[in-house]
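I've put the structures underneath this note.
One chain, chain A, links the two complexes that follow: it is found with chain B in the first and with chain C in the second.
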Partner chain A sequence: MEEKLRIGVFVCNCGTNIGGFLDVPEVAEYSKTLPGVVYVKENLFTCSESGVNEIKEGIKNNNLNRVVVAACTPLTHEPTFRAACEEAGLNPYLFEFVNIREQCSWVHKNEREEATQKAKDLVRMGVARASKLEPKDRITAGVIPSALVIGGGISGLSAALSLANRGFKVKLIEKEKKLGGLVKSLYKIYPENINAEEYINQKINEVKKNKNINVFTSTEIKNVGGYIGNYKVKAENDKGNELNFDIGVIIVATGAKTLSPEGLFSYDGKKVIDMLQLEDKLKNDGISQYKNFVMILCAGSRNNERVYCSRICCMSAIKNALLIKEKNPESKIFILYRDLQAYGTTNEETLRRAKINGIRFVNYSLNKLPEVEDNTVRVYNEILGKELLIPADLIILATPLVAPEDNENLSKKLKVTLDENGFYLEAHIKLRPLDFSTNGIYVCGTAHWPASTEESTTQALGAAARSSIHLEKKYVMVEPIVSSVYYEDECRGCGLCASLCPSNAIEMVETPKGVKAKVIEVACRGCGICGASCYRHAIRMNHFSDEQIKAQIRAFLEE
Partner chain B sequence: MNKKDPEIIIFACEWTPYIGADNAGVEMQQYSPFVRIIRVICTGQITPSNILTAFKNGADGVMIAGCEEGDCHYIVGNEKCIKVVEETKQLLKFSGIEPERLEIKLFTEVDGSTFASIVNKFVMKIRKMGKVQTEVSS
Partner chain C sequence: MLDAGRHPNIKIMAYSEVEDAKGEAGNFKVKIRKKARYVNENICNACGECIEKCPKKAPDSFDMGLRDRKAIYIYFAQGIPAVATIDKDVCTFFLKGRCKLCEKICKKGAIDYEQKDEIVELDVGAVVIATGLEMFDPSHLTQYGYKRLKNIITGLEYERLINATGPTGGHLLRPSDKKLAKKVAYIQCVGSRDLNNCNYCSSVCCMYAIKDAMLAREHDSESDSYIFHTDFRNVGKWFQKYERRGKDEYGINYIRGRVAEITEDEEQNPVVWYEDTIERKVKSLKVDMVVLSTAAKPSSDAEKLSKMFGYELDENGFVRKNLPYPSDTTVPGIFACGFSQGPMDIPESVAAASAAADRVMETLAGLKLKKRA
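On to the complex of A and B.
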């Protein structure tokens, strides 16, 4: 038997934020006339303690089975009011939020009458939607206490160690033969100038010795199935062996590579080299025969083809210039730059030290690129406003870090997004900077964006901490705003929903009634693409169902 | 509402456009009071049937507000909705309703002024077109 609707409507004044621009008493009075509404209360601040108590008392005293709050935006206070409903014994998904501040009073400040009318319409729409809401239980699922780290550079090694030292099992996959990544090719790590090779080897040894970490080199990811807490990962090594892992969380630490300098500034790999070749020369005492050094920054970056700034090249150039000076104080070094990224107190100090040590900085512009000639570099100095001819025995190009082509492929397998430059894109730049919007997958280091060793390590430790929340809790709880095969008999098992699902959250299962779609609720992120695509209307989005949306539409237009 | 005022529905995905709509409020960016926003999780869940329900019940304009291409939180929701909108425009033509009354806007920014100006532009266009003259049959 269907329960009779007993809807309570709470209209907030928000001090004068709502009440100052529209007629709240009129909206409240009007709410009483709406179908199913048995209780209406006007609050000064619904989100205050007294306001929340008024909701709870309203529910208890009037046996409310739906609650509508007309106030600010659901993006801030929906959890508050849902919790209030829950505490009063009402299922939190029988609550509906109507936005009459951000999307009404504040945007129609000088149109009191129209704003009041709009608020009434919005409440009417909210009440209509509330009538169609259904109680839902939160979804929980277990988490396999094991992490997969993809990439064995400094970020991957740091993340793996951090998780392993907390007692979690880690699978570390590296597609190259050896661990170490880009740091392996460096001479010294800025700012402390520690020996890069010693440092990375020490990390690699720690990882290899750690009983909780299994390392798989020359191994690539073939397929990723499953969902947060329960990923099924297939990988393959160079011998053609297939490896299968059951994984709770995944950290992407696949790094970046430097742009090939081929074709830039007469690059020949001998007299004109790139920064990694310089690191190599420094490592092997290969610079003593040179006296005049010219470094060209932004080689191949911040142009039409590659608009972004790689951030770290300025400091690695300055670092290496100082190291050259240390080895050979007689050397003359020119750094040709467009803008200098020397952010933070340490970097500023290093830049100052470089200038004191006689390293010359020459500003050039994209319109007048330096030209490499025999034993000289011709550059137009933007500050002096004249052309300089700089003697050069060795010319070093600082090329940017670029995203590996393989990102395209791997991101599709993981169902995560890339930015316009091919780097991995986080879920939210401030709120979830190390998470992907796909739950249970995290990003760190240069896979995300050009970053220094220090920044990469920081991010790796952060990603390890973020992912360990689920490993530690051993279960995940997911909002029940997911799709469901609501009318299973209507499902013909065509599999269209499963193929369209961007979250791999639908599987086709054999049932006594034939093949049917089945939603893996914990993996579903609630986009509703499946529901919109089902030609049988068998599958639908809970909490944003067609019925609920149409009730809102009709309520607005039927008046 | 005056009988002559347009009745417009905006389906806003709860990411970029819905946040943009909230920010319009925070920034006190004023826009036409004749729109009603319906929040959805992703534009990918909007069906031709949702849109036609709006026109059938007397809407004069429907705007679908989604995230920028390549920036959908569900990877392909907005791309799918672009197709739904194209197809629904054909259905509108059959029903004698100008397909221009339906628009999809993909928001690159969450700032309020972008939201307000896009809404105002759309309302102005619908105002020029006037109220829908044809009854839509189901």
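On to the complex of A and C.
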């Protein structure tokens, strides 16, 4: 016999975020009249510890078998409320979240009555859906205790070493012939002025000596199949050999490159060079013949074509200006800037030292760019309100870091997203800066956004920590909100669903009843494309079944 | 916060301070003072009845003193753990020996006036310092008039005013007459990049000023904002786009120039005197309210803590960080993350926290291997 519905409804005030714009007591009172509802509670903050305890008490004292919370968005607190249900002994998938904040109180701030009515409608729909919910168990799968690190620059090396030192096997893949990335081209690393080549070589040696790390240079990823805990990675080296790896987690550390200065400020590679060429000249004592240096910052960035700030160019320029002064105290150095990005403690200190050492800073604006002429740079000084003619033997352009074109290709293989600048897009800009929204893949360093060596290292170690959670646990738990070939007899084995699935989560299998689609649950992300495309309606979305959605729609039309 | 509070592997000791520490990587003994709340944490269910009835008021420190709380209080609504605390310095019973109203009201019997501070000793393998920041107090920068003039507030006070659960229910009501502030000036680098105060750039203020001004416009379509900045430092992911949106979509006025002085007219409207460095003119602007983007400093206990554990601070009082391991302090087994290491924003702090966790695990794994060998 079917269990009798005992639904509990919790209506949140969210301080005044909800309670200030609609009548929460009225919504709570109304909820009591809905079919199956046996308990209703109003909370100041349902997400607070006391609110969560009220859910738990409510379940225990009233034998609730469904819980509806009318509050904010599943993004913020669904895990919290599900866990509360679970802790009180209720299957977490018997919980329904109704959004009366973002989708109600916040958008109807000046329509109290209508907002209250809409909240009632939403709660009624939520209760209707809750009555059709089914208990579900989370899906677990094993994790291969091995990590793939893509990219052998400072970020990839740091992440690989950290994981290997903890005993995990690491495959480190670099598409260039040599490890080291962008740091290898530098002279010194700010703020400590560490010798870049010595520093990166030491890391490379540590990696090469580490028994847990296999390094593959001149190697590129060809294909990534599988899912978190069990990736099948195909790679190919320059000799045309195919390599196959079984991988548990993946770290993307593919770095960035500098924008080519061609076409900017009369760049010629001789008198007008870019910052990497200057690093090279500093490394090889190639600056003694110059006296008058002019550096132009934001060359090709913070403009309409490339809006972003590349974060590291100001400090690279200031560091190099100080190094030039050190080598040649007689030199005259002008830095033409728009806003000096000397954020934090040591950067500001370095900027101050540069000023004390006689390095000149000239402010220019995007409306009046400096012009490079024979042996001079013409610049309109925004603060003086005057045009200056600065003598220049060597002009250095600080071009921004840009995303490599390869990102497009690799991101598709990994099924992760890029942002509008081609850098990798993290799961959450504030709270999950090192995760992708696809579980099991992580990002660090300049693949994510321009960052200094120190910042890249921090991110690399952080990504190692994030990925190691799965390696350490040896299993992953996945949401059971996946599709299933529920009406198997209806399936004609056409394979349309498998061809459309963006997660490679459907395989076609031979059964006694013929070829049928089968969902690989741990790989499925529950997007619903298969369900929508199946013309036989053989596929059902767990937790978003037709019955559940229809109940919701009917409840809306009921009034 | 709630996730950490509920995590089976995390034990939160709120209202507690480190008293003493000794030992080495893999084996630290840390003495912690768990301060008396005069409320039994295991019994109190934060129902709030005691708070409602308590007759004594005190400035609410969470709301930056912009409103009062009671002598028995919950620091803020979503706080962990959700229990009340008696402020001994204010409570009538502790001051005069009578009242005990909260004890009478509490049905659960959670009030315990006899409660004493408790010393807890912890054995831990590693320590992470994440003591964050404190805001710079701009009172002594008399040119800005903070505390001298009524309608000058700090960025953090603004956060409370614009917050829906704050003292004004999210309305930007200025202190002098509780009128809606429509024209607001934001002054950058108050105490930051200043050799007499904080030498360094606090890194987060440019962005929070833009955010504050955007929020004002979202609350009130007629709001008018002016941000007075020097170098405009918006270097994080998508920050430049945000800066442009502030100007193009929210109509925020960005003015390059340091503010020299703030005066007041007869209606207590602040008047901002500044040099527009682009037009090279001294100008003034009358506004309804001024928000000072004050510097962020190391927490006031940072030095005490560093001496207890023995790690070095930098010249600004932040935990010194260096390559090759930016999360390591100068003492093995002790790590740091977030603003305790110097100015950084949320994503940087989150990444640094994961990095510190990584170093903890790597260190402990290394020690285990050594022991086995």
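By definition in this document, the second predicted complex is superposed on the first by the 441 of 559 C-alpha atoms of A that agree within 3 Å, B and C clash if a C-alpha of one lies under 4 Å from a C-alpha of the other, contacts with A are read in each partner's own complex, and residues count from 1 in each chain.
The definition used in the following text is that contacts are C-beta pairs under 8 Å (C-beta built on N, C-alpha and C of every residue); 3 or more make two chains touch, one makes a residue touch a chain.
As the structure is a computational prediction, the values presented were derived from the model and not from experiment.
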First, second, both or neither for A:Glu326, with chain B first and chain C second: neither
When both partners are placed on the shared chain, which of chain B and chain C touches more of chain A: C
Which superposed partner A:Glu373 touches (first chain B, second chain C, both, neither): neither
Which superposed partner A:Lys118 touches (first chain B, second chain C, both, neither): first
Chain B versus chain C as contact partner of A:Arg432, first or second or both or neither: second
Contacts of A:Asn110 with chain B and chain C, given as first, second, both or neither: first
Partner chain(s) touched by A:Arg311 [first = chain B, second = chain C, both, neither]: second
Chain B versus chain C as contact partner of A:Glu547, first or second or both or neither: neither
Residues on chain A lying within both footprints (that of chain B and that of chain C): none
Complex contacts: residues of chain C adjacent to chain A: 2-3, 5-6, 45-47, 77-82, 164-165, 169-170, 193, 199-201, 203, 231-241, 244, 277-278, 280, 314, 316, 318, 321-327, 342-344, 346-348, 350-355, 357-359, 361-362, 365-366
For the chain B and chain A complex, residues of the former touching the latter: 1, 7, 9, 14, 18-19, 21-26, 28-31, 33-34, 36-42, 44-47, 49-50, 53-54, 57-59, 70-71, 73-77, 80, 84, 116
Complex contacts: residues of chain A adjacent to chain B: 73-75, 99, 101-111, 114-115, 117-118, 121-122, 125, 415, 417, 420, 427, 437, 481, 500, 502-503, 525-529, 531-533, 541, 544, 546, 549-550, 552-554, 556-558
Interface residues, chain A side, partner chain C - complex: 14-17, 20, 44-45, 47-50, 52-53, 79-80, 83, 87, 158, 162, 165-167, 189, 192, 194, 199, 203, 302, 307-309, 311, 339-349, 352, 382-383, 385, 419, 423, 429-434, 448-449, 453-455, 457-466, 468
